[in-house]
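Working notes for the structure below.
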């Protein structure tokens, strides 16, 4: 385990960003999102969540895939190559780390998404344990330990220090690179910090949410439940929950034509949108209830069916951000389970 | 997939001199979607059109782009060409590379580049064009003529002569207009009344013509072939159908202070009056501002003496609504007010008069019984000075920027008539230029100088001021380079003319465009001089621009022919470029209805099937016969449910994209 | 040092068919020149111009957009330009509020008889755009190299 | 290349903002001019000569001092040509060319005799805003 | 507030029982004390669960478009929501006869994030006490001024008066708030230089993630299909691909609701990135007031909006384009 004074974090960032891009939560216009570190930027450890999750780094909201250039009647395709430079992401919480695992299941299984795969291969992730979880957090319900967030390197803040431990080869290599800044330490300080966080975790109102009504093979049981009718009513059909979600992975591919040049890009899409997966005959989920149900069934039933894990990680972003406070917790509870009254 | 043909016109050297037409054709040949591209000297010629027709057939073209002059010039031509070759006429787009390119740029490279961009924009648009089919609308076989002067009378007579009904609306109590006030007419010197009165009588007696005198157009709705006009018949306080025009009322009326409008206020008239002896209709009218009965509920003498019992002090304005297929504007003119020209002392000196006032003074039915006298003291003048261009050709803001056109000739007429009748009177004319284009016009003017020894002085007058019984004119003789201080008895001002103030109001009701001088704009200054750009509105007389009587009569006849051409049709082809509401998108919010100037948008509760979801809801429905295709609704509609055929959102954006490329 | 490419602005002029487009034709037939940077798009009435078109033009790389219509009161469709007047006042005010240079957009009323005015208006507008330089604030990054 | 007379024309234009080509030679300026008979070149000639670039001649002529700046011509010109403004511009050109002050203000009273019109005095102190 | 809530519950139950309506649109309790959610209550018993406290910021009027099509629906509207209701009536999006409006009194809704921003952690409950809020936390009670914790839209509340209702609870209605300072921030922006304004909006709008929450929450944005969702419109887009895409979306959105926006403030309230979107709409409102006379959308249900209206003497666009620079 390596130790660094929190006040020296910028030295650590400067060293890493000397030869590669460093992504981390940065404040801009009053909101905190992942951004590219530049000298002097401040990291605020008290901020629990970025608005958009770390998904935005590995699977950006909008990315160009190819461009086509026409000259008269001639037509040329210029594919855009995936990332081939190493980069580092700092400050990822445990829930987002789990979120990346869910994305991996989708994008790294056959057919492999080369853009995502390249970013995963070239990116080193430094996670930071949560020191002040909020009432919207329920990651523990999914078996996540926010004090042991995992990833290539995991960090925990203990008093004046931040303590790093590498979990992977990539992690070890990165810590070696900045070894000058770090000093060795034992695990005790980290363990103390984790223990005090755990105390708070137990007090969280959503900590014991029961997921027994959900999971593999529950489609038939849940699909036609009458509760959907009422639940969906307050939903505005906006894409807030999907865009702040660390595991929502749907995207749309569009062309943007200017003059002779067409850019083909993909961008996040939301199953809550009425034009989602629009096809020639129209949309396959024409009413709000169907779209609303899809999102939760996908997270809590279909995804487990296919990949053996929930694709909700309990980060609580949608709980905090939904304009009408209609969220996955209400849905989970509405379908029953003990403690969920 | 569209198969587009591009045709680049040289327009002789008009385009080819500053645009490399071959290069344009070559570049366009390589554009996606283009299967044929060529250039030719005159695309609008029969040979040029044949190239287009052949290409449409041979290359199975689905649309064409013609790079040529303005679409306002030949769009219709090329649409017909396409139609003859079996292509929908609305699959034609014009790139204006003459008026908006070759004629304004000198550098050939620059011109060529721009022409290519314009051609690409037209191509981008035509790729999104859809075949459109014009609808039909009916034609009400009746015409309205606004204004009962010589222009209006002539138009009405010609229309009626061809067997169509026509109504004249005249704001004064009688028809006749300005011409009825004239004494003699140039260059023949015949008596104005002698040639006008028979026409007035014809108009009154023609059973196809209905006269609405003392009436004004209040509101106009509808469109070509189907105008709906509301006419205000102002209260005359005399029953028009009962009055016999005997004139007994005028003799008894004790209120004699009203200014006689017919004599331009040079003398007085009674409160109840017939404007002049030959007035049509020959019916009295009461000036409510002067009538003692109406003002104070006393008197009532006219009612007592009226044998026909035609007086009705309680008459109110009436409104009638009628349908018309075509409207002729013949609203005429007035001399301008001279209040900004203090240097001529017009307001202070009764012996400074306008030319139109001189007409009345010279006229036997005028205030002086046709005797030329000084209005100040009734004495015979010995010296008269005419001043031309009073308020004409004036860009200082006091007058009118244009030449009033008729003043040179009527001044020569006045000079000649005075010298003829009163050889003892010296006549001087201050002029800037003497403009006499017209048959026998210059000869007429030369007679004034050579036969009648009228003294023409090239130069303007700086000021006119009274001195004792006389007037002093301070002017300049430009040829002698001398200043002239000239003592004279009368000064006659050739006052500029301007369109009647009602023209602007009526034009805006008719949606006819009007220029900065309030003259109605013609559809084309050379080729369509009697039509307004608004379909179904025709122009007659001075409302379109200054002109003399023969020109007015000619234009009135031309306008009538255009009206007849319209009324003789049973159906009109409507513009297919109209709005259309996409029911799947329409919210039924009614905002488009608010901005539609034609009331063309209505709402219906309709059963809508949106990809299997059926729902009855309120949606906008466009009446294609009423819609004129302005597009106001399309921008008001936030969802884009309303779109304009021929100018769709996508088409315009494609043009934008092509230009910004 | 790279030689800076000479700035050639792209200027879109929306002209109503009845007045301003005819005014442009008159400018042409009177040989009243104005810079070739101006490209005219014909619309039936100024009220057909959706603010979306103007934003689209800027997005796609236009440096200036000018909208010409009949003089108020002279609209071929009676009232179209009155709505244009309000809409464009609002749009321009919003663009200004967002910090975009005011000179990039303009509305001018040009009648069919005002060829001289058309040419003057275009010359002045183009001069203004040259003064302002390239449109960077509203352009889509994908449009620029 | 601009020759001297073109340069002077430009200068007159810049000073006055008057486009003398607008003149339609009606003579109304001269017809209105109270100093007409005093002048070697009459107001309308001023305008014409400026158009033709004959500015040196005008500068040398005493006519430039005969204009009273009464503005009758400016007021009445139907073409907005403003002859008096043109005259003043040429007067200014002549004065500038001569250089230095011709005389100081305190010398003025003794120069006044009964024949100098009051208006001429007023105009001598008047400055154009244009 | 608790009094009102009690009255509302019993009154709504009564309305359902006596057949005045078959359902009520109101607010339902969320997971926590502060996340009340719009919901429909279709039985008298259910109505006992409706909530009315200082966390009922959501404007319920837009739900009527979908849920008041059939049967008779009662709805709870705060004063500011009644403007939206009238505007929806004006645009024929709802029909008055299907809806029973209960005007509920309101003295400002609270923004939980503002309390958190004061550094108060572990909040478990918030109670109103006159002009103060009593905040219970894991670490004890704290008292704060309610005025400091109001939702942005309530800070510049323009009226406590209901512009449409069938009944009022409580019966006494409030008054218009004359001095609401709602244009203060607009004026502050106007006073900046163009460059500063550009920087401000660049920073704010570049945060946009195009989640469409602003649009979908907006009671004026009621298009069946938004132009930005319609692949046939030619401007459909989803990405936040670059800086202008968002600006265009927000300019056009603000323009589409110009003259129709009642300034209810929902757009800014729902924005997950806290972009002050209401400042765009307020700019239009301010300009409309200045150029075309005071206009409040939704004040009555039969107004003709300023952008579908004109006078022949209107200001020219040059009044804006030739306006002096800051």
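The letters A, B, C, D and E name the chains in turn, as written, and every chain counts its residues from 1.
Heads up, the rule we're going with is that a contact is a pair of C-beta atoms (placed from the backbone, for glycine too) under 8 Å apart; a residue touches a chain by one contact, two chains touch by 3 or more.
Keep in mind it's a predicted model, so treat the numbers as computed, not measured.
Enquirer: Which chains lie in contact with each of chain B and chain E?
Expert: Chains in contact with chain B as well as chain E: A, C.
Enquirer: When you check each chain against chain A and chain D, which touch both of them?
Expert: In this structure, the chains that contact chain D and also chain A are B.
Enquirer: Chain with the smallest distance from its CA centroid to the overall CA centroid?
Expert: Ranked by how close its C-alpha centre lies to the overall one, first comes C.
Enquirer: Looking at contacts between chains, which pair has the highest count of C-beta pairs?
Expert: Among the chain pairs, B-C has the highest number of C-beta contacts.
Enquirer: Farthest chain from chain B, comparing Cα centres?
Expert: For chain B, the chain whose C-alpha mean is farthest off is A.
Enquirer: Calculate how many whole Å lie between the centre of chain A and the centre of chain C, each centre taken as the average of the chain's C-alpha atoms.
Expert: The computed centroid separation for chain A versus chain C comes out at 46 Å.
Enquirer: Taking each chain's centre as its mean C-alpha position, how far apart are chain B and chain C in Å?
Expert: Here the centre of chain C sits 30 Å away from the centre of chain B.
Enquirer: Taking each residue of chain A in turn, which ones touch at least two of the other chains?
Expert: Each of 256, 258-259 in chain A touches at least two other chains.
Enquirer: Give me the residues of chain B that touch two or more other chains.
Expert: 595, 636, 649, 653, 657, 660-661
Enquirer: Considering chain E alone, which of its residues make contact with at least two other chains?
Expert: 225, 227, 230, 235, 241, 307-309
Enquirer: Along chain E, where are the residues that touch chain B in the complex?
Expert: 90-93, 222-227, 230, 232-235, 256-257, 304-305, 307-309
Enquirer: Using the touch definition from the top, list the residues of chain C that touch chain B in their complex.
Expert: 10, 12, 17-19, 21-22, 24-25, 27-29, 31-34, 36, 39-45, 47-53, 56-57, 60-62, 70, 73-80, 83, 87, 111-114, 119, 143
Enquirer: Using the touch definition up top, name the residues of chain A that touch chain E in the complex.
Expert: So the residues of chain A touching chain E come out as 28-31, 33, 51-52, 61-62, 132, 135, 203, 205-206, 230, 233-234, 236-240, 242-244, 252, 254, 256, 265, 267-270, 273-275, 278, 319, 321, 323-327, 329-330.
Enquirer: Report the residues of chain B in contact with chain C in the complex, numbered from low to high.
Expert: 70-73, 96, 98-101, 103-107, 110-111, 113-114, 117-118, 121, 504, 508, 511, 513-516, 521, 533-534, 577, 595, 597-598, 628-632, 634-636, 644, 647, 649, 652-653, 655-657, 659-661
Enquirer: Which part of chain B faces chain A closely enough to touch in the complex?
Expert: Result: residues 27, 30-32, 610-613, 657, 660-661 of chain B touch chain A.
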